[in-house]
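In the two assemblies presented below, subunit A is common to both, partnered first by subunit B and then by subunit C.
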Partner chain A sequence: MSLPILKFDAVVVGGGGAGLRAALQLSEAGVKTVVLSKVFPTRSHTAAAQGGISASFGNSEEDNWHWHMYDTVKGADWLGDQDSIEFMCKQATEAVAELEHYGMPFDRLENGKIYQRPFGGHMAEFGKKPVRRACAVADRTGHAMLHALYQRNVKAQTHFFVEWMALDLIRDKDGDVVGVTALEMETGQVYIIHAKAVLFATGGSGRIYQASTNAFINTGDGVGMALRAGLPVEDIEFWQFHPTGLYGAGVLITEGVRGEGGYLLNANGERFMERYAPTAKDLASRDVVSRAMQVEINEGRGCGAGKDHVLLKLDHLGAEVIDQRLPGIREISIQFLGIDPVKQPIPVVPTCHYMMGGIPTNYRGEVIDGVDEKIVKGFYAAGECACASVHGANRLGTNSLLDLVVFGKSAGNSVIEYVKTMDEPKELPENAAEFTLARLAKLEAATSGEKLADVRRDMQVCMQQHASVFRTQKVLDEGVANILDVYKRAQNLYIDDKSKVFNTARVEALEFLNTIEVAVATMVAARERTESRGAHAREDYPDRNDEKWMKHTLYYSNGNRLEYKEVHTKPLSVDYIPPAKRVY
Partner chain B sequence: MAKKMKFSIYRYNPDTDTKPYYQDYEVELGEHDKKLLNALVKLKEELDDSVSFRRSCREGVCGSDAMNINGRNGLACLTDLDSLKEPVVLNPIPGLPVIRDLIVDMTQFFHQYHSIKPYVIDEQPMPENERLQSPEDRKELDGVIECILCACCSTSCPSFWWNPDKFLGPAALLHAYRFLADSRDQATNERLNDLNDPYRLFRCHTIMNCVDVCPKHLNPTKAIGKIKEMMVSRMV
Partner chain C sequence: MDYVAVEKLKWRSRRSMLELDLYFERFISGGGFAELNETELLAYQHLITLDDADLLLLFQGKGELADPELQNLVNKIAQQNFYKEV
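Moving on, here comes the complex of A and B:
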């Protein structure tokens, strides 16, 4: 069966922060580009980011990118690549100034400069004291950034295919990427998009867990597609549990609350973070705070009837500060729990939030394969779906939005260079869509088997129970067996709705087939890593083991194979920051 | 004891239906199912996977799940099930072509948004760092930039229903004001010229449905009033 073929120089998959920043670079350079997005771009999950975007402007006190780089390396627990980290931190002020130039409505200081607030792990003088580095639009920074980027793309006349879902990568006999197959949701038509370059900006996959701050659309599509195409995913065992997910609802409550002076309390009314992080206290790195909260809960000092959460106190900030700096979380807390934080503390619990791992890239956004980091021609990735790797084993708050714009732009620039080297896209392989069509045909044909909702729930329960804040060999071994069983069942998925027009059941099934790839990768990679580093905390191996484990995991889905490659220890221009004990 | 709730949902699938109809469902709710979206997700998972609606963030920031709920536009993810009279009647947001069930074609809505040039226009060379803006100037944008483009307002506006191609509608006008109010924008005159039209701006008859339904508690009518004031003060 032949499919309609659409030809572009570049196709960007994903219309969130990274995709829009990349698209802008491409559109402004006159590259014939299309952006595919499952949702209208301003509905992307970037909109849910709250607290800020980091850049060492030093608008309120002295700061510089060397300190930002040190914090990021330390936050990453020395698993980040220091060339990528230097690149990002050095570019930060330029990248954020660009956003301001695009019209992003940052909050302002009296002198007219961008307002900056303290955030977890942001320190001055190489870890000595907290510094105000997070550039904020109240607690709606992601929403403001996403809209500003979309608006700038409207100005640049970027071409969008809205409510299109990419299904599979197309690679030719050399392994080069020459396009994607994609589904137009409104009609149900499948297309081949033939392009010189494909740039993935497909976001995270937080929906592998039962309790997640992530949107329904965060289903790991890019990672799923890359894995199915024989490419690896890097450091996927590292998942960030955000300390302050709203108890029961999972909705994010920004770290900016603690940046503005809020703090956590256990059932005894104790500000327990003082015991775990004497200097940074409630503004230690997220993995540190989440573990501390979990210990408090596990040791019986949790709050409420179930003793299963802690409290985030901010009423002492006063209604005026809360309404000016944190209006969104006040609204969320009232909406979802009926609790007004001006009067009462907010019940919170560590909640899955961010995928540190992803499709391996260098700092130019080029996808790299294998221990020898061979460049996959025609393939680029940026944002949460990619692993550059700047976040290593634990991401610092506000470095995610920065990652989107710095690496979105960088990957965009790499695509521009690459597409210039050829007149036409490389030829499509014969039967370029065969794999996709077979997958779709199987789903269409199935009228019984495993119900989507059941398998998806079982995956989420398995991940929640076996790959959570604390992990052990036994729990992970069982987790691998369970998740492989779920994976097997996922191959017999069926849906009742077989219609063509805007079939959201089909979209959800196709999403789930990506999500389950990410879940299996996570569990298998986590089982092997017998140390504690950043967000991967092993009760049976409580210490970091640099000798054996200061290396990146590469997971390939074929045979659930693992390989390991070295961490980049050579920054671009400055001295290497050698591993040290991580104390906050 | 598990609570059950009755729903009556607008159904239309152009593949199979010659005309729309309502289908009734009874959904069993779990203890965490507080919002309308929870019930809809459950309905789709357990009773009928063909019921079609958009959703994403489930916290009122992406603007996907606007629908007409018991006769009033709102976001499913922010609507308390407790607040709803049964059977809960769900319709697509009115005035836009239906693609399927609760999913509408929003082309016209976004066309109007795009037509107001929704970006800061400032052709001067940019400084190395940020442009300066006073906190007072920045404050003008509060109550405007929070818009999530859900279309609850525009699709509850009779003027928009009658002239969706000519009248901008409250959402696009709110954004028109957002750029007029931004001290960094240099195109005030051009923007006001563009709006000075019997339809684009002046079809607003201050019915204020927009204010009533906005899930972010914004006030497009006030923004429209401010645009009119700017036009008047430009003339004197």
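Moving on, here comes the complex of A and C:
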């Protein structure tokens, strides 16, 4: 069956911060670019980011990119590539200044410079004392970023295909990427988008877990497509858990609550963080607090009928402080749990927040395959779906928004260089859409099978029970068996609605077939890593093991195969920051 | 409104923030959405063109829309009792 073919120089899949920054670079350079997005670009998940974006302007006190780099290397627990980290931290001030120039109304100091706020893990003098490094637009930083970038793209005449879902990568016989297949939801038509270069900026996949701060759209499509195309995913076992997700709903309760004096209690009414982190207490780093909470729950000191959460107490702050300094918290808690934090503590659990791993790239945003990092021609990635790798085993707050714009731009520049070398896209392989059409036909033909809601729930429960904050060999071995079983069932999905146009059941099924790839990758990679590093905490291997494990995981879905490659220890211009114990 | 138009409204209720997804999802799966009449569906269509940050404020009762029809809908979505006992 032949499909309509649309031709562009570059196709960017994803209209969040990374995709829009990349597309802008391309369009302004005259590269004919289309952005595909499942939703209107300004409704991408980037809009949820409130905390801010880091850049060492030093507007309030001395700061520089060397200190930012040190914090990022340390935060990553020495699993980050130091060339990429240097690149990002060095570019940060220019990247944020650019955003300001595009119209992002950053909060300001009286002297007109960008106001900067403190944030966990941001330190001066190589980890000695806190520094103000986060730039923000009130509590709407991500939202303001998307709006500024979208407007700028419209001006630069970027094409937008909104409510289009990319389905699969198209690779030719040399393995080069020459386009994608995509579904136009409005008509149900599948297209081939033939291009000189494809850039993925599809965001995270936090929906693999039951407790997640991520919006429903974070289904890991980019990673799923890359895996199906025979490419690897890097360090996918590392997921950041935020300590205070609202029990049952997942909604993020900002660290600001603890910053203002709120604290955590177990079922005995004990302020348990005093035992785990006597100095920082409830304000210790995210992974430390999350693990402490999980220990309390695992050891039977959890609260509620299921003893499965702890409590965040803030009633002692008084209604005035809560209303004025913690906007939205009271409403969220009342509306989602029926609990008014002015009177009662809020039930919270460690909640999946961010995917550190992703499609492996270098700092130029070029996708690289294998231990020898062979460049996959025509394929680029940036943002949460990519692994450059700057976040290593644990991301520092506000470094993601920075990652989006720095590597979005960098990947854009690499695409510009690449497309210059060719007049026309490389030829499409004969069977370009065969794989996609077979997948769709299977879904179409099924007259019975697994219900999406059931398999999705089972995946989420399995991930939550077997691959969350604490991991052991036994729990992971069982997890692998369980998740492979869910994977098998997922290949047998059945949807009632077979209509062509705007069939959301079909779209959700196709999304899930991506999400489950990410879930399997996570479990398999986590089982193998017998050490504790950053967000990957093994009860049975409590220490970091640099000798054996200071290396990146590469997972291939074919045969659930794992390979390992070296961490980049050569920064671009400065000295290597050697491993040290990660204490705060 | 025809089936496709209604499906479109449901898809466009996918937002950038989990809070909004939860409000809309529970409104849809809890039956509130299915009870909307034609005029209300048109109001819904309008409502979901608003910015996410503004929608969140509206659902949290911090602000009011001039159009009573729209505000009614906001109230319906925000006031659902959608928590379970913990």
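One rule holds for everything that comes next: the second predicted complex is superposed on the first by the 495 of 584 C-alpha atoms of A that agree within 3 Å, B and C clash if a C-alpha of one lies under 4 Å from a C-alpha of the other, contacts with A are read in each partner's own complex, and residues count from 1 in each chain.
FYI, a residue touches a chain if its C-beta (ideal position, glycine included) is under 8 Å from a C-beta of that chain, and two chains touch if they have at least 3 such contacts.
Model, not experiment: these values are computed from the prediction.
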Touched partner set for A:Val39, first subunit B, second subunit C, both or neither: both
Touched partner set for A:Tyr247, first subunit B, second subunit C, both or neither: second
Which of subunit B and subunit C A:Ala47 touches, first, second, both or neither: both
First (subunit B), second (subunit C), both or neither touched by A:Ala382: neither
Which superposed partner A:Ile577 touches (first subunit B, second subunit C, both, neither): neither
A:Pro347 touches, of subunit B and subunit C: first, second, both or neither? second
Which superposed partner A:Tyr102 touches (first subunit B, second subunit C, both, neither): first
Touch count on subunit A, higher of subunit B and subunit C: B
Which of subunit B and subunit C A:Gln335 touches, first, second, both or neither: both
Which of subunit B and subunit C A:His309 touches, first, second, both or neither: second
Subunit B/subunit C common contact set on subunit A: 39-40, 42-45, 47-48, 140, 143, 186, 215-217, 248-249, 251-252, 328, 331-332, 335-336, 499, 501-504
Parts of subunit A lying in touch with subunit C, wherever the complex brings them together: 38-40, 42-48, 140, 142-143, 163, 185-186, 212-217, 247-252, 304-305, 309, 328, 331-332, 335-339, 347, 499, 501-504, 507
Residue ranges of subunit A touching subunit B (in the complex, touch as defined): 39-40, 42-45, 47-48, 57, 93-94, 96-97, 100-103, 105-114, 137, 140, 143-144, 147, 151-152, 154-155, 186, 215-217, 248-249, 251-252, 328, 331-332, 335-336, 452-453, 495-497, 499-505
Subunit A-facing residues of subunit B, complex: 13-16, 32, 34, 44-46, 48-50, 52-64, 78, 99-100, 103, 106, 110, 114, 117-120, 126-135, 137-138, 141, 145-146, 148-149, 182, 184-185
Residue ranges of subunit C touching subunit A (in the complex, touch as defined): 3-4, 7-8, 10-12, 14-22, 25, 51-53, 56, 59-62, 78, 81-84, 86
